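Chain lettering (A, B and C) follows the sequence in which the chains are written, and residue indices restart at 1 in each chain.
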Amino acid sequence: MSSDPSAAVQRDASGRLRHLITLEGLSRAEITTLLDLAQSYVRPAGAFPARDRGLAGHTVANLFFEPSTRTRVSFELAAQRLGAEVVNLDMQSSSRVKGETVLDTIYTLQAMHADILVMRDAEPGLPAAIAQLVAPHVAILNAGEAHLSHPTQGLLDALTVRQHKGDFGALRVLIAGDIAHSRVARSAWQAFRTLGVAEMRIAAPKDLLPGKEEFAGASRYTDIDRAIEGVDVVMALRIQRERMGSARIPDEAGYHRTFGITPERLRQAARDALVMHPGPMNRDVEIASIVADGPQSVIQQQVANGVAVRMAVLTTIARNLRGEGSR
Amino acid sequence: MSSDPSAAVQRDASGRLRHLITLEGLSRAEITTLLDLAQSYVRPAGAFPARDRGLAGHTVANLFFEPSTRTRVSFELAAQRLGAEVVNLDMQSSSRVKGETVLDTIYTLQAMHADILVMRDAEPGLPAAIAQLVAPHVAILNAGEAHLSHPTQGLLDALTVRQHKGDFGALRVLIAGDIAHSRVARSAWQAFRTLGVAEMRIAAPKDLLPGKEEFAGASRYTDIDRAIEGVDVVMALRIQRERMGSARIPDEAGYHRTFGITPERLRQAARDALVMHPGPMNRDVEIASIVADGPQSVIQQQVANGVAVRMAVLTTIARNLRGEGSR
Amino acid sequence: MSSDPSAAVQRDASGRLRHLITLEGLSRAEITTLLDLAQSYVRPAGAFPARDRGLAGHTVANLFFEPSTRTRVSFELAAQRLGAEVVNLDMQSSSRVKGETVLDTIYTLQAMHADILVMRDAEPGLPAAIAQLVAPHVAILNAGEAHLSHPTQGLLDALTVRQHKGDFGALRVLIAGDIAHSRVARSAWQAFRTLGVAEMRIAAPKDLLPGKEEFAGASRYTDIDRAIEGVDVVMALRIQRERMGSARIPDEAGYHRTFGITPERLRQAARDALVMHPGPMNRDVEIASIVADGPQSVIQQQVANGVAVRMAVLTTIARNLRGEGSR
């Protein structure tokens, strides 16, 4: 078990996943089972999406305290296609303005029989805190928590790699960009580590590397050209333009020159290396547009897998809520 | 019949409820029938919510000119769970900005076969005015009108009390707080009075008591400690922080000290008195947090009953629109 | 075929409509077939709306870069009533703020198996540009493009006229108002011209007439009193208040006096002339309130037909996407 308190909080008395707050503490078998279920929901482009009634009777509430399009729509479609009722709460215009606490909003939704609450917040700790306070029939799904955790993103990244590479044991994976502030990096790292990749590398400008106590076992780079050598997977992270004003970070063109994933740099990776990005992309900043749209890019496949992974998580959590899950 | 013009406006030629704008003028039998139907939609926490197809074919439009989370979501879930099509209109970003009148927006929705229009507005009079102008197959449901009326709130309050106390004839009910500006107080009072409670008390700081022509028959208090003595139900109202700047109203801490529902004050009520609040709460202002979460609190049950009551109202109104209702 | 590039872009290799971006280039037979299908979805006021499952499995995404209530709700209800999954994206609060391109947003939705993208934008050219870039199983429906095109509006206008007048060959049609900036005027003109109306007139204050290269064959007027003489259809356009500040345009009262559709002016039209307006209306500016609500007005019928037309377009496009359409 992990030292991350969320890892324990998210399990019920039988050890089943009742919430999904972090990938920390999930076993390889648990992740593999989720990926297998997600894979069963994948359909080729142009086919109708998978649909079933596994969430019929359940009510999913999307609570996004940070604005998001892609993740909110991904969860909304996943829930709809499983037959759930879905409500969206824009937490900027909500009763928060009337002074209500977040917890009272949660209790209100819970009283209305909303039983799966999908939550995104800029501050750390809310999902775990809420998970300890909701009723036994209510689950919290973390859709993005500060710089800490974005578990469905980590799962979709793993699923995408598995579809192309099969065995994780032979893989060298690079995550490049603003690692320090990235929940995507943390969740992807947790997934890949647990799935047993051969080598994990993180690369960032010096000021954007995380503290040494994090990403234990990963190789650390500040030189992207060295970091990318021979890797099988390159995951570029979004540069947050709003931080670009800071003196310690170069401007966009400078970032691209010193750290962007360019065709030249990509040639230093393994010949069939995958190019990934969690989106939304800043084209020609952290990633060259031609690379994002190139033959090695699986960026749109990540998005497609996102819906499948969220269907798998919703289905699993709903089963566990009803006491039907197996360990 | 009542002197409130909305009371007549909301009935069709046969005297059936076609709209629900106010509880004024509803008979005890009518309210009881609505509560009975609502009770049939109540499910225990942890069970799936009640669902049926009673609104299949109907289209419910939520028009909220004032922001609201809980009431909008409550109506949305009630309509979804009855099989209706539901659309939400954010009337701040609507065509109102292009100069369209509210009435033309209503006519537009009506032409699109939206037949149940759920409306909240800060100004008095809109629901009754609209109700007189819509087509015969269209119903208006008042989801909060200025300080005047919030009929589904009054019904859910009555249902919650009935679930615990059964007979209204023996009950002493206190509503405490900003009575003057409260649509919740007015609708609750109409419901409890019609259901025949033994005694109705209202308590407010002097400047927040309503005029003498209102709440006829209720006992009036400015001293919360005297008002709460021996009552069976204590309903605390939300203090509207935005008005707190006014010189005549004390600050939040002062309000709590002089008028908040504290554990000490609650001990002066009947031993098994219910504690109610319409939400959203300002904890430790109008109500002590420990009281809101205490064993006598039925606040979350009110929220749960809200969905059930709205399902009952939607079902009843839809039947009456189709000419299937009995009187 | 037309010189409008969108006219070619919207067809697949077999010449079928894959997208709907403009009415330019549609044959009379194609428009008639769409109107016939739309007519089959029309229900009388007070009846339940038409519903079927023709879009089951499809996912419709509404992307409105300009705010809209009526068109967005009309498409949303049309899609819901055909059994589609529907998601709404408020593109003001979207990932656009994070620097993502519109195209990447489209690719994201496409990857999520959203296959019908309904789009409104203030700039010209986006729908045609996007249509050339999406996957073969994805269709773009233009829900309003700058001053250029609003094809479902043109179709609903034609349907409304057909319901009252039958044969287009005998009709004189007037469109009056800010023609230069009106997508409604352009799409209506394309529809009526193709359907073979006897005479098409456009009338606008001098500065609001379009260039001579547009509306070829239409008679042009700057005097509304002359333009309206003997016409069978009068379509008034919305004056955009936001432009009213400009020196060349009179104020609202002045506009009404010199260009508004008043009862006096309407008496110069044919005795049974239809009065139309695309909404939202500025009452007593471009149209007298008494005319808008008068016996010759079919304005609400236009709104009702809007849902029917959008159902017909969605059904047709979905069939063509699946390769089931006939030419």
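By definition in this document, contacts are C-beta pairs under 8 Å (C-beta built on N, C-alpha and C of every residue); 3 or more make two chains touch, one makes a residue touch a chain.
Given the structure is predicted, the values throughout are model-derived calculations rather than measurements.
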Angle (degrees, nearest 5) of the CA superposition of chain B onto chain C: 120
Chain copies touching (chain A, chain C) - same or different residues, decided at half shared: different
Separation of mean Cα positions, chain C and chain A [Å, integer]: 41
Two or more partner chains touched - positions in chain C: none
Complex interface listing, chain C residues touching chain A: 57-59, 61, 85, 87, 89, 93-95, 97-101, 104-105, 107-114, 135-137
Complex contact set, residues of chain C against chain B: 43, 45-49, 51, 67-70, 73-74, 76-77, 80-81, 238, 240-241, 279-283, 300-301, 303-304, 306-307
